[in-house]
Amino acid sequence: MSNIVEEFNEYRERMNSRILEDNNKIIKRIFNLDTNAFMKGALDVKTKELLGLVASAVLRCDDCVRYHLETCHKEGLTKEEVAETLSIATLIGGTIVIPHLRRAYEYWDALDANTSEISGLKE
Amino acid sequence: MSNIVEEFNEYRERMNSRILEDNNKIIKRIFNLDTNAFMKGALDVKTKELLGLVASAVLRCDDCVRYHLETCHKEGLTKEEVAETLSIATLIGGTIVIPHLRRAYEYWDALDANTSEISGLKE
Amino acid sequence: MSNIVEEFNEYRERMNSRILEDNNKIIKRIFNLDTNAFMKGALDVKTKELLGLVASAVLRCDDCVRYHLETCHKEGLTKEEVAETLSIATLIGGTIVIPHLRRAYEYWDALDANTSEISGLKE
Amino acid sequence: MSNIVEEFNEYRERMNSRILEDNNKIIKRIFNLDTNAFMKGALDVKTKELLGLVASAVLRCDDCVRYHLETCHKEGLTKEEVAETLSIATLIGGTIVIPHLRRAYEYWDALDANTSEISGLKE
Amino acid sequence: MSNIVEEFNEYRERMNSRILEDNNKIIKRIFNLDTNAFMKGALDVKTKELLGLVASAVLRCDDCVRYHLETCHKEGLTKEEVAETLSIATLIGGTIVIPHLRRAYEYWDALDANTSEISGLKE
Amino acid sequence: MSNIVEEFNEYRERMNSRILEDNNKIIKRIFNLDTNAFMKGALDVKTKELLGLVASAVLRCDDCVRYHLETCHKEGLTKEEVAETLSIATLIGGTIVIPHLRRAYEYWDALDANTSEISGLKE
């Protein structure tokens, strides 16, 4: 299993629990909205995940990019669709997006590697 | 015809010509890339326009939001699809996006008003 | 009555109604959270308004600054307290905050002028 | 002693000295202003530290958040007051603040752990 | 005389005086630093003005861009040097810089127009 | 050899190749523009590198700062010129630039250390 995927998810889940057990109502509702906003509505889930990805990339938030890359991967979006989305982010957000692009490509490769390993184990 | 749409486009086109006649190669190529990036590829034009819209909204660029609202309108995206895209922008980008949301709604209404007028004139 | 205060509030209220009648759930809930977050909790309302002001100023959102200046004014915060908050914003956010500082001072003066006029009318 | 607190402070102090021995007047004066701006004035020190915290959080600067969390902790601000400040930051700055929220909670826990250890040593 | 140059300077000077008479020490010192930082040092004034221009452009602050365009114009920097600086800003900062580029070109034209008029008056 | 310089360059080159072999036209052209924009034109290479440095610093992109520090170092810019550029970045961008200033000074020291070592080896 690729380390960067596991480490990211372990830390993310552990600290999210820590935040939510703190019981601040505003923060809890924002977390809740985050789940609802990406559900199927007038737009389908795939499109919404790409919207989340491009917004995260132009705002240069590596952890947000990783989170949306992971959901894109699960939803079956192709590398080409993800790359086009990231290319729009780099054009709109400028070359300062490039370091985040490097880490996004690395994370996508790790997601691919994990999937191959899992499907290998199943056989 | 709604003033804000006309004024925006008149200024935008006039100053873009002024910039391009200046003949700076880097700027010209960036303008050129901007046209190419939103053409049909692995993703269709509608999805790309929504990506452009959400990125513009979280980066809080009113003119960029207007530009993409206009293309979304022309491409036949519905108010619901645009509103969902803007809701994701407001969630990811926070309440500081709200002033831009107000101007986005105003611009969309102006685009609708112009269309009704034009179709009225045709009859 | 000072124009900039009236104009800002008229536009803000008109477009907020337009947005809310659109009935997008995510946006409605974010508007709702915005009301709740600034109510008295572990911190009092005055402190929260200053937090809203400094955050708006460093993020360079003129309309958000205006909104919080107005609430600060109503809550009876002094010019000195507001100025210290804005000075921290300018230090943390840098000299690019200065143009917003100019507009913030102008708006505060307008709020003061309106109050004098209203209290003059009452006498 | 928690590593993240120690490591952050060691690096911060070492590099600050390195910067200041370089003798650039503008940088030295900015460092100096930073000390003065958070001293008691029209606003008390606690309020100013919360202003520093919320500004750092919406600007998504982890090191700045850590620095202000540490001063808040020393000034005796409660977890509830700090959490409300961070909830306002997350609402205003949006969900892209969440990864910084995770690291802020982790750092606060480390500050708490260090304090318990120190008070344990004293007994 | 071109309106946008005059209006910008009139407002800027009037509100700067208003801010400075308020006597907040932190703000006064930041204004003071701003003057010192752009004086000749290891780098000459022209280079520093271009640094101020590119930083203002990528941070998308129209008023800051105008201020530095004006100083660049006074210092005798050519249109080509200014355009190259703005092209680097657009590349690094992305296409969201373009609306600011339009306003920068408009302002530079206004500065040119004013200069021609003044030299015309002198003859 | 200093680790941070080597590690940065190894990762940067490895991931850039990974991105470019992906063959997304928009991204490839942006990379290409990045090379062209910093070549000698109306402005010399040294000035352009300082423009790249100040823009990277105010946008708080550590990897971009590192990249431009490295080119500045190769182009023979002095520590004083680089420090003045960074001081302008800290003034315009505010104290949130300071953590990036610490990492910039650390990287410059590492570049200096590597050069000494290399020139030592040559003797």
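In this document, chain identifiers A, B, C, D, E and F correspond to the written order of the chains, with residue numbering beginning at 1 in each.
By our rule, a residue touches a chain if its C-beta (ideal position, glycine included) is under 8 Å from a C-beta of that chain, and two chains touch if they have at least 3 such contacts.
Remember, it's a predicted structure, so these values are computed and weren't measured experimentally.
Common neighbours of subunit A and subunit D, listed by label, are B, C, E, F. Across the two candidate interfaces, B-F and A-E, the one carrying more C-beta contacts is A-E.
Between subunit E and subunit F the CA-based rotation angle works out to 180°, given as a multiple of 5. If you match contact pairs by residue number, over half of those in A-D turn up again in just one of D-F, C-F or E-F, and that pair is D-F.
In terms of their C-alpha centroids, the spacing between subunit A and subunit C amounts to 34 Å. Chain centres here are Cα means. That of subunit A falls 28 Å from that of subunit F. Spacing of subunit A relative to subunit B, judged by their CA centroids, is 26 angstrom. Counting partner chains per residue, subunit E shows two or more touched chains at residues 25-26, 30, 33-34, 37, 56, 58-59, 64, 83-84, 87-88, 90-93, 95-96. Against subunit A, the residues of subunit C that register as touching in their complex are 25-26, 29-30, 33, 36-37. Subunit B meets subunit C in the complex at residues 60, 79, 83-84, 86-88, 90-91, 95-96, 98-99, 101-103, 105-106, 109.
Residues 58, 90-97 of subunit B touch subunit D in their complex.
Within the complex formed with subunit E, the residues of subunit F that make contact are 30, 33-34, 37-38, 41-43, 47-48, 50-52, 54-56, 58-59, 64, 78, 80-81, 83-85, 87-89, 91-93. The part of subunit B that touches subunit E in the complex is made up of residues 11-12, 15-16, 18-19, 22, 24-27, 30-31, 34, 55-56, 59, 61-64.
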